[in-house]
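As structure tokens, here come the structures.
The two complexes that follow have chain A in common; it is paired with chain B in the first and with chain C in the second.
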Partner chain A sequence: MAKQHKTPLLDELEKGPWPSFVTDLKQQAETKPECWDILGQLELSYKDRITHWKHGGIVGVFGYGGGIVGRYSDVPDQFPGVEHFHTLRVAQPSGMYYSTENLRALMDLWEKYGSGVTNIHGSTGDMIFLGTRTENLEPLFWDLTHNLGQDLGGSGSNLRTPSCCLGVSRCEWSCYDTQEVCHSLTMHYQDEIHRPAFPYKFKFKFSGCPNDCVAAIARSDFAVIGTWKDKIRIDQAAVKKYIDNDPAYPSCGGAHKGRDWGKFDIRKEVLNLCPTRCMWMEGDELKIDDAECNRCMHCINVMPRALRPGVEKGASICIGAKAPILDGAQFGTLIIPFVQVTKDNDFQDLIDVIEKVWDWWMEVGKNRERVGETMQRVGLPTFLSVMEIEPMPQHIQEPRSNPYVFWKEEEVPGGWERDIVEFRKRHAA
Partner chain B sequence: MALSTEELKKAIIEKAKKSPKPQLYIKDFYECDPDAKPRDIKKVANALVTEGELMFWSSGSTTMYARPDRIQNEEK
Partner chain C sequence: MGYDPKNPMEGRLTDLGPHYFGDFLPPVIKENKGKWLYHEILEPGVLVHVADSGAKVFTVRCGSPRLVTVNYVRDICDIADKHCDGFVRFTTRNNIEFMVDAEEKVAPLKETIKSYGNKFPIGGTGACVTNIVHTQGWIHCHTPATDASGPVKAVMDDLFDYFGSMTLPAQVRIALACCLNMCGAVHASDIAILGVHRKPPMIDHERITGVCELPLAIASCPLGAVRPAKATVKGEEIRTVTVNAERCMFCGNCYTMCPAMPLSDPEGDGIAILVGGKVSNSKSAPKFSKLVVPFLPNNTPRWPETVACVRQILEVYAKDARKYERLGEWAERIGWEKFFEKTGLPFTEKSIDDYRLAYTTWRTSTLFKYTTHTDSYTK
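What follows is the complex of A and B.
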């Protein structure tokens, strides 16, 4: 039975005006005594300057190769409450919509089988349950799947739980139905989510517009980010209302209005902040050179009643983002500038791209190498040729920055063979 | 696939038994049938887990395979 430990170092973290996980764990320990041992072991780690968690393990539920991460204490005699302290990942609903009834049921389940400690949501998107024993895993999984109709998420070398923004359910800027895609592909790829398939983790994230509220471009191997092909829609009358500081037209939709930011200045707050400088005023009319727009969304965010995304909507696919374990963090690289995202063909256009990436990466990727690292290793031109995509201007950040796409011999008339005598007649050595 | 599913299962089990490393990545099994697609190898390896011939070991970020008698078991 876990008991309270002296934690003078951790107690320091309770001082100050901010919330403290130490206070939360002490509160939780009143009903779940194993939480005293979390604090005790962490205090020991602070003293020893080393973690006392052992890494990984064989735990799981039958038929699944993911969703549970084994955690064991390396000092179980001192802290028996955390001898086993496994993590469970519960797949989140698309857009993270929960009913309060469902949230209560999930918390009741976790109070019954685990420590009651949660992390909502983890960076993959799942609801994370922190701390249970091996013998509780199967009964918990049974109740989760049979009574609540929910599932575990992905972990290990699996496809991780796909995640998406609120999409068209609440956001007028969403260029495709992110929740529909996220749910459909989650169901389509059940085997890849629940059983390991790859050299390392692989993540999908779906954002409805370039605001990218799920940070797909920074955190997912395969980011599908809504965009439009045609022109930003402009309501010139509404633009004038913003310029006239009409109170019904607050900039940024009224966000941050708790402070006086002064009179709205379209030149200072919109035109001069456009990264490609593709906007200007002609008299009272706002003009946009849409060919130069890079979809930063700033103007639309500032004047939401005047500007909207175009009508020819779809998505861009960026591949290869990752966090900084090797070689530093990297954003996804734009591979497909525009793709239609439609349920009419069950998202087959997306599936075709996904599986082409997987087939190549499973073969060429090294162990524990994210697809973005494999792309970096072989180079963008090679990756494009694997994907059977012609290099295009959108693949290049800026002229003379990364334009090295080499000709192949078969693409050059006459190949590499040259008549050196003929050549030297024109170019003396 | 040059090998039948049963032949591939045998080759994977053999590899898991004899490999100097007790725990193997999925890519380590590719050499069991160089003509097979990685996805087919993955399906067969995962089927062997269901049959009890192999077990998963996961660090949380990566998953490995091993024979039950060779796996690193934290609960032993």
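What follows is the complex of A and C.
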């Protein structure tokens, strides 16, 4: 049984106004003594300034190749309570709303089978159960599926647990029901989440608008970001309220209330900050040339009571984002400018695009190559032709500045087969 | 009946997926889903969303350390049971959101929250420093170059006033990843705290044969610094690898593939600071964070150099930037030479890219501003 260790370094992290994970772990240790060993080993890391977790350890539940990350201590004799410290990823509900009944049941389960330490939530979105022994994995999984009707998320070279912003559930800007899509596709692709068959990880993220609260364009191989194709809806009476500095109409919904920025000035704060300069005033009336608008959200962010996204809503699809390892960070590249996102056909429009990407990437992607890296390797023109998408200027920031076009033989009259003898008759060496 | 180890496949349920979100929506959310008209931040940490029917939902947002215990989550449940009809949600930045359907319910909710001391600080809205998103660090990971929860706690303690207020020019998103793998991506954050290694991997010849597929380890190096080699272990010649240290960029990708190539080192490891990234498309395109401080030591337990550096950057930005300007937009407007001058961060060659596509970040014009950096030419 784990016992309390001296933690003079970690004790310093009990000071200060931000909630302390050290205090929390100490309180938890009173009923879950293995938490003393978590603190003990972490203290040792603070002393040695290196990690004390071993590399690797393949564990899991039968039939799944993902959802559990194996972890072992390199000092198990000192800290037997963390000898095995495997992590479980529990798939989160879309939008991360919970009933306390469910949250309590999950916590009871984790208290029974694990360390009692969790992340709410992990970076990809799953609820993380942090630290349990191999022999607890199957019983925990049994209870999770049978008693709670819930499941593990993804890890390894598979579809990672998709995630989304809270969407239309509580946001007036969301251009589609992110939760519904996220949930539907998560259910549709359970096999891809649990049984790794990809070259590397693949992430879906669903943001309701170009503000992109789930960082889809930075963090997901397949980013679905809400947008619209008609006009920004304007309530001119509300525009007037903003211009008049009505206190019920603070700029950015009150996001700047903590400092005196002076009177609201629609020209300075909206019109002149519009990246396309597509807005102007005619008297008290705000005009927008919507054909010139690139839907950045700034004007809507600043005047949420006056402006709203249009009514013909859908999403843009950007593909290939990833963090820097290895060739450098990538944002998702705009591939499909607008797609309707509707449950009427079970999101078949999205599924068609996703599966086209997968079919190709699973064939040509190298081991541990994110799809964005495969796209870079083969080039965007090749990727677009694989996707059967007609190239358009929206796919690029600017045209290439080098002339090294990979012409195809069939594009050049007469082809590439020529006769040097005939050529020399006209052009002696 | 529970799990029967003798019949592991009997009665097994798989591929159930997550719980359906629709069951977990508070009534006011369920009733007004898709019908929200506008929102307002009433005070730091308190939002109201108004539906076209006039219905309102009031949200009180609280920070959390992300690394929390079942006790902590049960406290959250107690609050939600008492005030929020037994529902609660979490944001993508590890904040907790308690929702009520009437304004008069906000004050009692806040009172209960405050009765927990500093467990649930209220804030994280608008032009603030909201919660730091971060990775695992020494609490769970095998590759970290720094801890995660410790530096996050130290930085948030120092910036606490910015969490509970809205005085900045725009929101400032801080993120921490404890190694270059960035399992919590920090490459598009206003301020990124990134664990970095500075010593090439060691080769554990005695272990490499059993734990490593050599071709994968060799292929893992983006710069071809890992080469096949031979070594003698207990009198026997074995196949192993060697590392050309001059070529190593300390990414750690080899260690990910080969457990016999550890990099961790108390002096070699530490933190780099990158700034100016953003995810939103608002006003300007998403931007990557840029490396402005190549190394700060892992000075446990409170990383004072990192804490001071983040504050230094934040305070100059807060004073100098215009309303709505994100940190990266501000740096681009004034020019990066001014960024270094104003923040007082020393500029070193380590901020000059010499990896792939580096040329795109070099200045290929005569458009620059004179700063202290050019003094030796002008004074």
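Here are some notes:
Throughout what follows, the second predicted complex is superposed on the first by the 387 of 429 C-alpha atoms of A that agree within 3 Å, B and C clash if a C-alpha of one lies under 4 Å from a C-alpha of the other, contacts with A are read in each partner's own complex, and residues count from 1 in each chain.
Everything that follows uses one rule, which is that a contact is a pair of C-beta atoms (placed from the backbone, for glycine too) under 8 Å apart; a residue touches a chain by one contact, two chains touch by 3 or more.
Just so we're clear, the structure is a prediction, and the values are computed from it rather than from any experiment.
By the document's definition of touching, of the two partners only chain C reaches A:R305; chain B does not. Looking at the shared chain after the overlay, A:G226 reaches neither chain B nor chain C. Within the superposed three-chain model, A:T87 lies in touch with chain B and with chain C [touch as defined at top].
Counting residues of chain A touched by each partner, chain B versus chain C, the larger count belongs to C. Contacts of A:P196 after superposition on the shared chain: chain B is touched, whereas chain C is not. Judged by the touch definition given at the top, the superposed model places A:I120 against chain C, while chain B stays out of reach.
Of the two partner chains, both chain B and chain C are touched by A:G56. Judged by the document's definition of touching, chain A residues 54-56, 63, 87, 367-368 lie at the interface with chain B and also at the interface with chain C. Listed in rising order, the residues of chain A touching chain B in the complex are 54-58, 60, 63, 65-66, 68-70, 72, 84, 87, 134, 155-158, 195-201, 358-359, 362-363, 366-368. Listing the residues of chain B that touch chain A in their complex gives 25-27, 30, 37-39, 42, 46, 49-50, 55-63, 71-75.
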